[in-house]
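Have a look at these structures, which come just after this line.
Consider the two complexes below, in which subunit A is the common component and subunit B and subunit C are the respective partners.
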Partner chain A sequence: MRNASDTRLPATTPAGSEEGGTTRSARWSRGRVARVAALVVCAVLVLSFPSMAPNAYILSAGIVVASYACTATAWNFMGGFTGYVSLGHAAFFGLGAYGTGILIRDLGLPSFVAWLLAGVLVLLVTIPLGIAALRVRGASFVIVSISFVLILLLVFQAWGSFTGGSDGLVVPRPFPDLLRPEHHRVFFYLFTALLAVMLLAWWLIDRSRFGTGLKAVREDEDKAQALGVPTRNYKLVAYVVSATFTALAGGMYALWFGDLDPIFQFSIMLGSYMVLMALFGGVRHLYGPLLGAVVVGVGLEYFKLEFGDTQLHLVATALLLGLVVLFMPDGIIPAAKALAKRFGPQDSSIREISAAELQERNLTASGTPSSTPSGTTTGRTVADDEGEDER
Partner chain B sequence: MTGTLLFQSLVLGVLLGGLYALLAAGLTLYFGVMRVVMIAHSAFLILAAYLAWFFHQQTGMDPLLSLVITVPLFFLVGVGMQRLLITRLRPATLTMMSVLLTFAVALFIEGMIGFVWSGTQRRIQLPYSGASIEFFGARIAVVKLVAFALAALALAGLYLLMKHSRFGQALRATIQHREAAQLVGIKTDRVAGFGFGLGLATAAIGGTALSLDATIYPSLHWHWIGPLMAIIVVGGLGSIPGAAIAAMVLGIGQSLLQVPLGTTWAQTIFYVALFATLMLRPQGFFGGRLAQRF
Partner chain C sequence: MTTTTQQARSLETVGLRKSFGGVHAVQDATVTFQPGRINAVIGPNGSGKTTFFNCVTGMIKPDSGTVTYRGETITRKAPHRIARAGIGRSFQLCRVFPRMTVLENLLVAVRRTGVVELLAGARNPEEIDRARALLVRVGIDHLEDTEARNLSYGQQKLLELAGVLMADPDTIMLDEPAGGVNPALIGRIATLVQELNAEGKTFIVVEHNMELVMSLSHHVIVFDRGRPIAEGSPDVVQTDPRVLEAYLGV
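Then we have the complex of A and B:
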């Protein structure tokens, strides 16, 4: 028998419960249509960017932002799913970039074969590194990840005969006969394609059992382990996937930019940009790092253009990172949602109608005539009859 | 001849290790009281060195006198940082987020140093800068000795404060068990703030010592943070004696390796030690219970 505090029926729908179900699924599919439409619009906007860009500078800035988006999304495979913050992903970026460059230089491989091979090499290297790094959690993990970058910076600067040292390493262009704007255009699409693959992979993992296991690690690693999640292997796979994608982004950058320097490839700043962008957008969301990369990346490029070589971009990055960490550690997507909710209709936990009124409304809504003697329920509040089955 | 060289680098290693030990003790304090890994520690170190240089530049007095200003200043900054920034973070994600927050502080300091004093390399010229003394055949620069003496004095002071004062007892109680310390009437929030301030004061002393014989530039702190982090992991997070011993061992090791390998490769000893520690004893070689979970 239906109770006055029974809220299973949507009180506003005029039809019965079965039809309530169908309207809900219809609304859901409407949301889905809107989402797909938004995705298509965004994709079209992104893909038409090269033809809309007024000059080659804007186009190259767009490529830089796209590469930021790739690295931030790649970072998010580890940072977002498992909650392990790695400040040292620039190590993998640099390894991918240098791997590509050195394979082309020494083995004379075709550019994109070298690129893929560099990705595979980083994948293999990351397995022992990951086993070592993932033996610790939390702060120690961050320290270890930073030390990756610092050690590789030292090695690549000191080992000049192999890496070119501080003189840099010139990577031959993959398309030597293309003019510069055309070259930019091709690489913009290549970066976008790489990003699309990453987003698809993230989406698939997000919906899989594997992804659920990783999220369990993020929420409470000990409990996840106790429940039988193979935490170490899951973390290792996430770490390797994340590192490999970062390396692929680095290799792509090497092919595009054509000139590598240890200071810029193994830079702590690069790693911190990844973290900043992912956190800014929201690490729990598929598009969070992408959104963060667009906002922060555009900001960084603007800063470089406007203020040039001063140290102010460090200060700006620092302030932004500090603000994000202090005031919206979940990113702007949840923050914007919360803000929208604040201006929307208020949901209150206090019911402002009495139980009798509610029951009356539910009954008329479902179309069945009231069989309850009206005298027994009048004047009673919800709090009184909670848990009672009144007849 | 090689015996002299060996002895020389051994002595230099001890002198360097003393400075490492002081700085690592500061890092350990932050970690102990707040479970915070303070990436900005070495940035504050460089800031103190710059302040000492600036003080010397403006007044012409000995940079050691700048300690009178920088130590209380850094103490207050540390208390303020703990109160205004660190405690605002959510307890559940405090460790991770504090790393990012202090990283942001480090970047901010580096950027502001570069902005105010430009990226030019700076060095203090003192009357006794070039002086050195003979010590059983090893030549030791006076400035290095002064720096070591400063670090050793500060460490000894810290030790006395921690072991033989009521505040030190309260601080250690807070580190060992926060709730229990609260139950016996210790104002743990205030103590944690003071602990943070003390840690930053070690950076002020270390920075002044550093400024005596090092060329300083804004991004120098990245060269310090890696070794310091490695030291506290090797020593076991949260253990001050562990950090001091690891600092000494690794400082001497670095100094000895500089002879055959050169300065750049010698630095890798810290990272080799870090990875060896992770593989053999992830909780560190001297750490207690504290280190296991972090």
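Then we have the complex of A and C:
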């Protein structure tokens, strides 16, 4: 149900993205109204989900999906803006979860104070870590990120006296008086609130000058640097923000689930899910990771329910993802947008616009040949050259 | 402009060296560029021009030697610091941000400092006006909302130049501005360079198109096998026996 409401989102907001608007000013107000309306509908549906969930299983599955949405969105602060693909973000999820649990156990801190403090600690740890990891790019960065989660997995398994090792770590419930359904309901809202904060932060960065710099890093890092963008610092800030939000999602998970095991917290699978969900929805879009998390998360739960006895659920997941990567490499939001455009009013393509302009310019030029401004002349020259330049 | 400020503005290198394994790409390059003029760096393929360029702009760290700009040492500084010191550059094979619009490509180059400024909206009306003026100047203003990857190669070259100008550098280094573009556009780029030079921008141009170099530049520096072998006005350099030897092997 939440799934259905979310898939409608891209369809109702054709002018939503910054990249989409060729005729921005004309459709701006209509696009904005549609976007706000879609947002309100989705928010109402999401917020009413706990009361509509038929049973506790569906409700807890909803929380899992919400936590996926948080982690995928947090990952997208790094992956989406800078294009650095981290497969090891589970490290921060695990650190946030264990940090929260251990701070409660050893220092007796109130649950949510421990949660915040764990986030701050991960933030501090990520600064030197980021400085080291961001010295490399591309595939090397992916490998560095994986190695970090594997190291932590070994440490947390081996250091049993501190982390509980493979016996697990029990995290006390923050609301001991609540019954289980109530507990689920509260955490569904907590995850949703955390997600809302992340989406707001992502939106703010996306439209900011800082965000423009980050996107330039994604497109061409050397070029960005040559234009004066301090790329290393930009990447580091994005990395730290991304890691901290991931840690907060991990800490929230610890408080909800109440039992941690290194094999699940520091898992390659979890890190891969974040990447796949973000890619699935579309990393260039605010709601991309959220949408991906809903579709993939629901899919994962469903496949587990149907084929959980065998490994077939993993095969089904892989199949789903393979199809998306093959047919919608930019994610489902751009694909849905393109589809909506085909059925919507036909925009003229770039080429057609320039051809029309060309004609107009030719007319003006022939009318007043001597007073043609230099800019116009070049515009024509360049457009004429187009065919020649294409090899 | 007085002589002293011109002196202080000059870009110079002393004993710049860079080797890749056994290949001495740049050796002992001591070069002084003339401020306020169009300087050209020429030389046969593999003579170290682009490596020299990359050492000056910080993309490659030189093994030894110094680079000074306006009396300040900029050797081994990060590329963005060198850019902020006032040196803009283009790349040999034109580089733009492919999946950003033409306008966004320019907005990247706006200098920003401080958290408040960084988190402010990227679409500042004044900056957009300035970007649009530059697009009009290079002649691609009608493509403002087009993603850069959809431009032709020639249009991308113009976009790259506009991006460099957006950062408002005093010294502009162009790596083969005429490479791979048709004659009409070469003429357009040459005119732009001359106009901008008349407005006070210093140019350092690496170029293979001799016709362009000789007609455009005031001062020519010839590289051969990693070191500068001759310099002077285009006429002088053209008849220099060392240059003829390097190019023709006579």
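Just so we're on the same page, the second predicted complex is superposed on the first by the 301 of 391 C-alpha atoms of A that agree within 3 Å, B and C clash if a C-alpha of one lies under 4 Å from a C-alpha of the other, contacts with A are read in each partner's own complex, and residues count from 1 in each chain.
One rule holds in what follows: a contact is a pair of C-beta atoms (placed from the backbone, for glycine too) under 8 Å apart; a residue touches a chain by one contact, two chains touch by 3 or more.
Quick caveat, the model's predicted, so the values are computed rather than measured.
Of the two partner chains placed by the overlay, neither subunit B nor subunit C lies in contact with A:Ser29. Contacts of A:Lys215 after superposition: subunit C is touched, whereas subunit B is not reached. Touch criterion met: A:Ile143 reaches subunit B, while subunit C stays clear of it.
Using the contact criterion defined above for the overlaid structures, shared-chain residue A:Ser48 touches neither subunit B nor subunit C, since it reaches no partner. When both complexes are overlaid on chain A, the residue A:Ser166 reaches neither subunit B nor subunit C.
Interface of subunit A with subunit B (complex): residues 83, 85, 87, 132-133, 135-140, 142-144, 146-147, 150-151, 154-155, 157-158, 268, 272, 275, 279, 310-315, 317-319, 321-322, 325-326, 329. On subunit B, the positions that touch subunit A within their shared complex are 31, 35-37, 39, 85, 88-90, 93, 95-97, 99-101, 103-108, 110-115, 119, 218, 222, 225-226, 229-230, 232-233, 237, 262, 264-265, 267-268, 270-271, 274-275, 278-279, 282, 293-294. Every residue of subunit A that touches subunit C in the complex is listed here, in rising order: 18-19, 21-22, 24, 204-205, 207-213, 215-216, 219-220, 222-232, 284, 350, 353-354, 357, 374-379, 381-382, 385-386, 388-390. On subunit C, the positions that touch subunit A within their shared complex are 57, 59, 78-80, 83-84, 88-89, 91, 95-101, 104, 107-112, 117-124, 136-143, 145-147, 150, 152-155, 158, 163-164, 166-167, 181-182, 184-185, 188.
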